[in-house]
Amino acid sequence: MSARPNLIAGGVLSGTVLALAALSLVWVPHDVAALNIAERLRPPGGPHPLGTDHLGRDMLSMLMVGARSSIAVALVAVGIGMGAGVPLGLMAAAARGSWLDELVMRMNDLIFAFPALVIAILITAILGPSALNAILAIGIFNIPVFARVTRGAALSLWTLDYIRAAELAGKGRVRISAEHVLPNIVNLLIVQATIQFSLGILAEAGLSYVGLGAQPPTPSWGRMLAEAQTMIYSAPRLAILPGLAIVLTVLGLNLLGDGLRDALDPRLRRTTR
Amino acid sequence: MPVLRQVSLGIGRREIVGLAGESGSGKSMTALALMRLLPEGARAEGRIRLDGRDLMDLSERQMCRRRGRDLGMIFQEPMTALNPVQRIGDQVAETLIVHGEATRAEARRAAARLLHRVGLPPERFPPGRFPHELSGGQRQRVCIAMAIALRPQLLIADEPTTALDVTTQARILDLLKALVAETGMGLLLITHDLAVISGLADRLAVMRAGEIVEEGPAATVLTARRHPYTSALVAASAHSPATVPPPPGPPLLEVRDAVRTYPGSRRGLIGRAPPQRAVDRVSFAIARGESLGLVGESGCGKSTLARAVLGLEPLQGGEIRLDGTAIRAGSPVPGQVRRRMNAVFQDPYGSFNPRHSVARLIAEPFHLTGRPADAAARIDETLLAVGLDPTDRTRFIHEFSGGQRQRIAIARALIARPDLIVLDEAVSALDVRVRAQILDLLADLRARFGLSYLFISHDLSVVRSITERVLVMKAGRIVEEGATEKVLHDPAHAYTKALLAAAPKLKEPD
Amino acid sequence: MLRYALTRLLSLSLSLVAASLAIFAAIEVIPGDPAAYMLGLNAAPETVAALRDELGLSGTLWTRYLDWISGLATGDMGLSYTYRVPVADLVTERLAVSLPLAAYALALSTAIALPVGLWAAARRGRAADLGIMAATQLGIAVPNFWFAMLLVLVFAVKLRWVSAGGFPGWEAGLGHGLKALTLPAVALALPQAAILARVMRSALIETLGQDYIRSARAKGLSRAQALRRHAFRNALIPVLTILGLQFSFLLAGAIIIENVFFLPGLGRLIFQAITQRDLIVVESVVMLLVFAVILVTFLVDLAYAAVDPRLRRR
Amino acid sequence: APPDTITIGMVLEPPNLDPTSGAAAAIDEVVYANLFEGLTRFAPDGTVAPGLAASWEANEAATVYTFHLREGVRFHDGTALEAEDVVFTLDRARGPDSTNAQKALFEGIESVAAPDPLTVTVTLARPDGAFPFKMAWGDAVIVAPETAGTEASAPVGTGPFRFERWVHGDRVELLRNPDYWGPAPALARATFKFIPDPNAAFAAMMAGDVDAFPNFPAPETLPQFEADPRFRVIVGTTEGETILALNNRRPPLDNIRVREAIAHAVNRQDIIDGAMFGYGTPIGTHFAPHHPDYVDLTDLSRHDPKKARALLAEAGQTDLTLRLALPPPSYARRGGEIVASELRAVGIETEIVNLEWAQWLDQIFRRHDFDLTIVSHTEPMDIGIYARPDYYFGYDRPDFPALMDRLAGATDPAERSEILKAAQRMIAEDYVNVYLFQLAKTGVANAKLEGLWENAPTQANDLTAVHWTD
């Protein structure tokens, strides 16, 4: 059918970011832990294609390593959300209407009722600021999202006759959930995961912007942005580059999510009926 | 890709023209083309003349003025054809208001009158109701009221009764007939069910793959069947597989005083609606090798009973006995009992996990029995038995048509060699010709494997063709039971009589 | 309808109790002593102990929880440790900023998103729609604090149309108050509007595919009429859900924006109270926010019922 | 006519307005010399000047001080200031229920008496030449018994301004006190606006929302203001010795070689440039460089990575990993990154832990659970903290308290100076901490504003002399 511009643009954007982040694991142009005060605030060019920051670190390397922390935080947070939310959602759907279902859904509502940023701050106050706590704070709020999506999709599958057939074959709820329900909502979960991933990147940026995310010397986009803000006149690129990195990554992931939804949506795939 | 090819049709005043054909033949497209409401991407060519004026020449704005005033249309699915958040009276009144035929207040009064006319008297069905407060048949009446509000010259009804059960269907068809007589409008009645048309239409057009293959006075078309496709359709509608007399056998399944109650639906955290008895002290038996029919209106509890028999739902009272092993209410059905029963469900699309291969789908019942050593051979054998090819085993379900899927469902039901197969509306979703093939297959399999069937359907003609004995169910209870021929020819219970009277019949050729 | 509301109300109160326990427990395990914080680097231990007594930080867990809860129920939230004024007064002061800001931002985002979403849906697949969709994608991707910073740069620092931030108070006049809240509201509203417009559009497109739209068209309604009269109200349900979520986000999630514009709002109160270990303020305000969210959810549920008659009987 | 109102920007909001029970610098920044006055006060150059006491004298042994109060001083509530108020204030501050954050200031007092309404005599347990200095602190301001309990939210003092209102989270407003005993201030109204975010502070200053920001939080933007004729940048000194504190209790930091190695590993100028954008004066000991008794000991801890490595090797410390705890201010957070990178260069790995103040106080200050931390000690003349072995960095050399005892008893300026110099040397040679730099006071103000303090001998925004020019 049509070339899917969303999918392609999103794939290229997020692919590039992912690739750069992966590359930073083995190679960066300059060590970001080594400060060089004499080299501070160098304009782009020469050994520093994007210049250096106020502590003389190479901006390109900082952005690459920053991508890594953003992605790691968001990815693990999504992992937590899926790891806990999907089984909960499956369980709730399998036991639909029972107290278990009710309990899971009420817990979801309760988590949703807490303002996320406030919880992040509280967690940080209890455990101290770190990337781990950012992950925890973002991850907790991913759980109800996945639980809800999973339950909703699973509920509609449970009304289908192939589930009846599996019950006839004597399969239990757990087995049916794993064998018949989960594989058929995987598409939906992938789409949701990309969306949550992009939200996670934004959330991580916000948290590290207020100093609650990854801690120095680990670079993170949000903190780079926060630290450079006041230099917007003297060295605008310091604040603009990390901002741009966030925007492009989130944009890429959102486009990818949209593209995947279009590509995987069973409603669009289903033939004549 | 053309969907319709050179379709020509004429409809006179006060005339009812039937348009019949298999699913996907282009009937709906024809109707939508007439309304110029084709889905995005579709394009229509040719001429549509209404009272001499070519509708194709009109601008979209002019066309809007024609729709509803000169052309009315009702659709197949009454459950979704109405705006759920608007009162039915307002929806009917809207037809008058958008055409500037009445002020809001007048339109309201007119709507009330119209609703009364289509059988929704204001005392019982005030116009202030919302669609969800009405049954399917009642909603279809609202749609009809909406469509005839301005007495259009032509009413198009696209499968208006397919989603309704027989008694309701009969009433709606009567209403349409009366309206045609009363207002003098022409009616284009689209259906896949020849029997519906045979009792109603003056003329009949038969459509196949976007072409009208035969057209003429309804009686002539149905009896003369000049075109082979028409005769194939008629034959399939009336199809009756050669039934084998049941070998006298001991009772296989006995159900005694089965009760299934649903807790009332939740109302918030604490409240519940009162419980509802979907199956109310039902008793019956099926002999080994016997085919037992179960008929009744939608919602009377047929499926619930079937699920209870299959052990998919707990019973609140009574007992089920399979080949002597008793299962009492409250206790789960043991595996050895359950493996001797299997089922085929109505929806050929929702019955299969789209991610599993045919072989895996069919082999699912082995979960209970343990996978036999010759599983692969058994799968091939079963595929052959239902008329599919063993090479199909690696394919996925989306590669099959509805009829083929139903064969796969039957294969799945057969593979563990059960004694009893429950068929819940197993052929209702199929086209007549495909349905005929499946019915033949079922009869054949029964003869070969000595199977027993519990055959559930709302379609009496199907039940007649494949069962020896029939149960009639109403509101959770069995109201009549007996040999199929006898019950269907000479019903004892008033409800059965009503059911029979409502069922449309295809006139036998002389 | 009444019964529906009552049962929802019951589950609402259960949620509140659960929330209060969670908050209290969290506050209990936060390390750091308010008294020590207040007295700083040179304080002697007995001075800190004296202050602890004065603040009422001694007492068992249960009595303090019960004191707190019963206080909350009667509107008495106690005395702030650091400010030494009733927490209720602090909260009222801050709400006078946060609530109007949230409402302003919500109004803005709705006013932008609904027409834009409607327009895009009506022009589905055409250039205008694609343009709007691209713009909304960008709107979602831009972090709002970053956007806020740019707004300040342009409108306060460069053009000097408005203050860079701060809030003069409502007694300075409605106009001044609104002016001070405009940039923050815009910064909050635009990303929200992008989300809302997308939801509006897809909800409309979804409803436009429904059978009853076809019925309406068959009655003679034009495409636009069908959109307005039939699709709009049905599409409102997902939009309402998002609006409810957004309101709670705006009320509490505006912390960063409040910082950028140095607004004395609720979010900053919490932030500050946590760093100063003014725990009595933290627990009461978090509780209040949770209450607000649950209340908004409840109101959204009622609004569903108002929009969708199918929900009224349950 | 020039305006007679002013808006002053401040980073932190005071938690309350009672300087006698709370350590927050922000309290004094609002109330010191504006709302509240003590017996003595700090002059802008850091010397001790008469406050509510027009004069005072000490006996020969420096154990009895007699303060003569000014006449006609009234509290903002209209009551007159009397010697009994002073007695009350001092007794309250040193009493067992005292919540005064600097209780140590009053520790030496044995008794306070009011022989007549305008005379106060203070008897000390031990000689203390610095007692008038101690009475100049913000924590020693005089309050009246009737209002002492409510100063936190409704401060009543004797100063040139009286409290008007406090919009929590936003601003505190002060109004001119018409009954002030001294010369009337030029300003009729002063607003302190609280802007925690450096970027917001920058924007507020640029947009003209704030007239002056005496402690501007973003030194990197100062060149911007310098280039703009609308503004004046005021760079002065503070009493803030910024140090890389070492936990002297804990191995291997109990080894002087390791401490010396760390001192040589750190490049002060890099930290001043990188973290403070060039603002700050390098120090080599815990003493303010603008003080006449300051000794420049920076050479003792020259930047010398080679020597640092050698010392570490000598101490047998290779593969050292230390935890560096950083409180919120940017000197600590930015400086910490630089310190970490410089320590790595000599083979010491660091694990950075960022802490809020409350956590820092709990973990480092109270429980001494740390290896390294960066903090600025902003109290004036606070070298005495090295005499407290239970203090957080754990310096425990008996010679030092002895030195301080001598200092307390000395009234001869030359002798005092000698002792102070010896003290500076002792801690520098023991490499107790790494002395980084003296925090600069970097302020920005409207160019038309005059009379703001240039230096910060104490945390204060004394508005008495502030006025606008045309």
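Note that the chains take the letters A, B, C and D in the order they are written out, and that residue 1 is the start of every chain.
One rule holds for everything that comes next: a contact is a pair of C-beta atoms (placed from the backbone, for glycine too) under 8 Å apart; a residue touches a chain by one contact, two chains touch by 3 or more.
From a predicted model like this one, the values you see are computed outputs, not experimental measurements.
Visitor: Out of every possible chain pairing, name the one holding the most C-beta contact pairs.
Guide: Ranked by C-beta contact count, first place goes to C-D.
Visitor: In angstrom, rounded to a whole number, how far apart do the mean CA points of chain A and chain C lie?
Guide: 22
Visitor: Taking the mean of the CA coordinates per chain, how far is chain A from chain B in Å?
Guide: So the centre of chain A lies 46 Å away from the centre of chain B.
Visitor: Using mean CA coordinates as chain centres, what's the gap between chain B and chain D in Å?
Guide: A distance of 87 Å separates the two centres.
Visitor: Please tell me the distance, in whole Å, between the geometric centres of chain C and chain D computed from their C-alpha atoms.
Guide: 39
Visitor: Can you list the residues of chain B that touch 2 or more other chains?
Guide: 269
Visitor: Do you know which chain C residues sit against two or more other chains?
Guide: Residues 11, 14, 31-32, 149, 153, 259, 274-275.
Visitor: Residues of chain D touching 2+ other chains?
Guide: As it turns out, chain D has residues touching two or more other chains at 199, 328, 356, 358-359.
Visitor: Which chains are in touch, pair by pair?
Guide: The list of touching pairs comes to A-B, A-C, A-D, B-C, C-D.
Visitor: Name, in rising order, each residue of chain A that touches chain C in their complex.
Guide: 106, 109-110, 112-118, 121-122, 125-126, 198, 202, 205-206, 209-210, 222, 225, 229, 232, 239, 243, 246-248, 250-251, 254-255, 258
Visitor: In the complex formed with chain D, which residues of chain C make contact?
Guide: 31-34, 36-44, 46-47, 50-51, 54, 82-85, 90, 93-94, 149, 152-153, 156-157, 160, 163-167, 169, 259-265, 268-269, 272, 274-278
Visitor: Quick check on the complex: what are the chain D residues that touch chain C?
Guide: Residue positions touching the partner: 13, 15-16, 18, 21-24, 96-104, 152-153, 167-171, 193-197, 199-200, 203-204, 206-209, 328, 356-359, 361-363, 365-366, 377, 379.
Visitor: Any idea which chain B residues touch chain A in the complex?
Guide: Going by the criterion above, the answer is residues 24, 266, 269, 307, 310, 312, 335, 338-339, 341-343, 345-347, 349-355, 364-368, 398, 409, 412.
Visitor: Within their complex, state which residues of chain A touch chain B.
Guide: Against chain B, chain A makes touches at 97, 102, 159-162, 164-171, 179-180, 183-184, 271-273.
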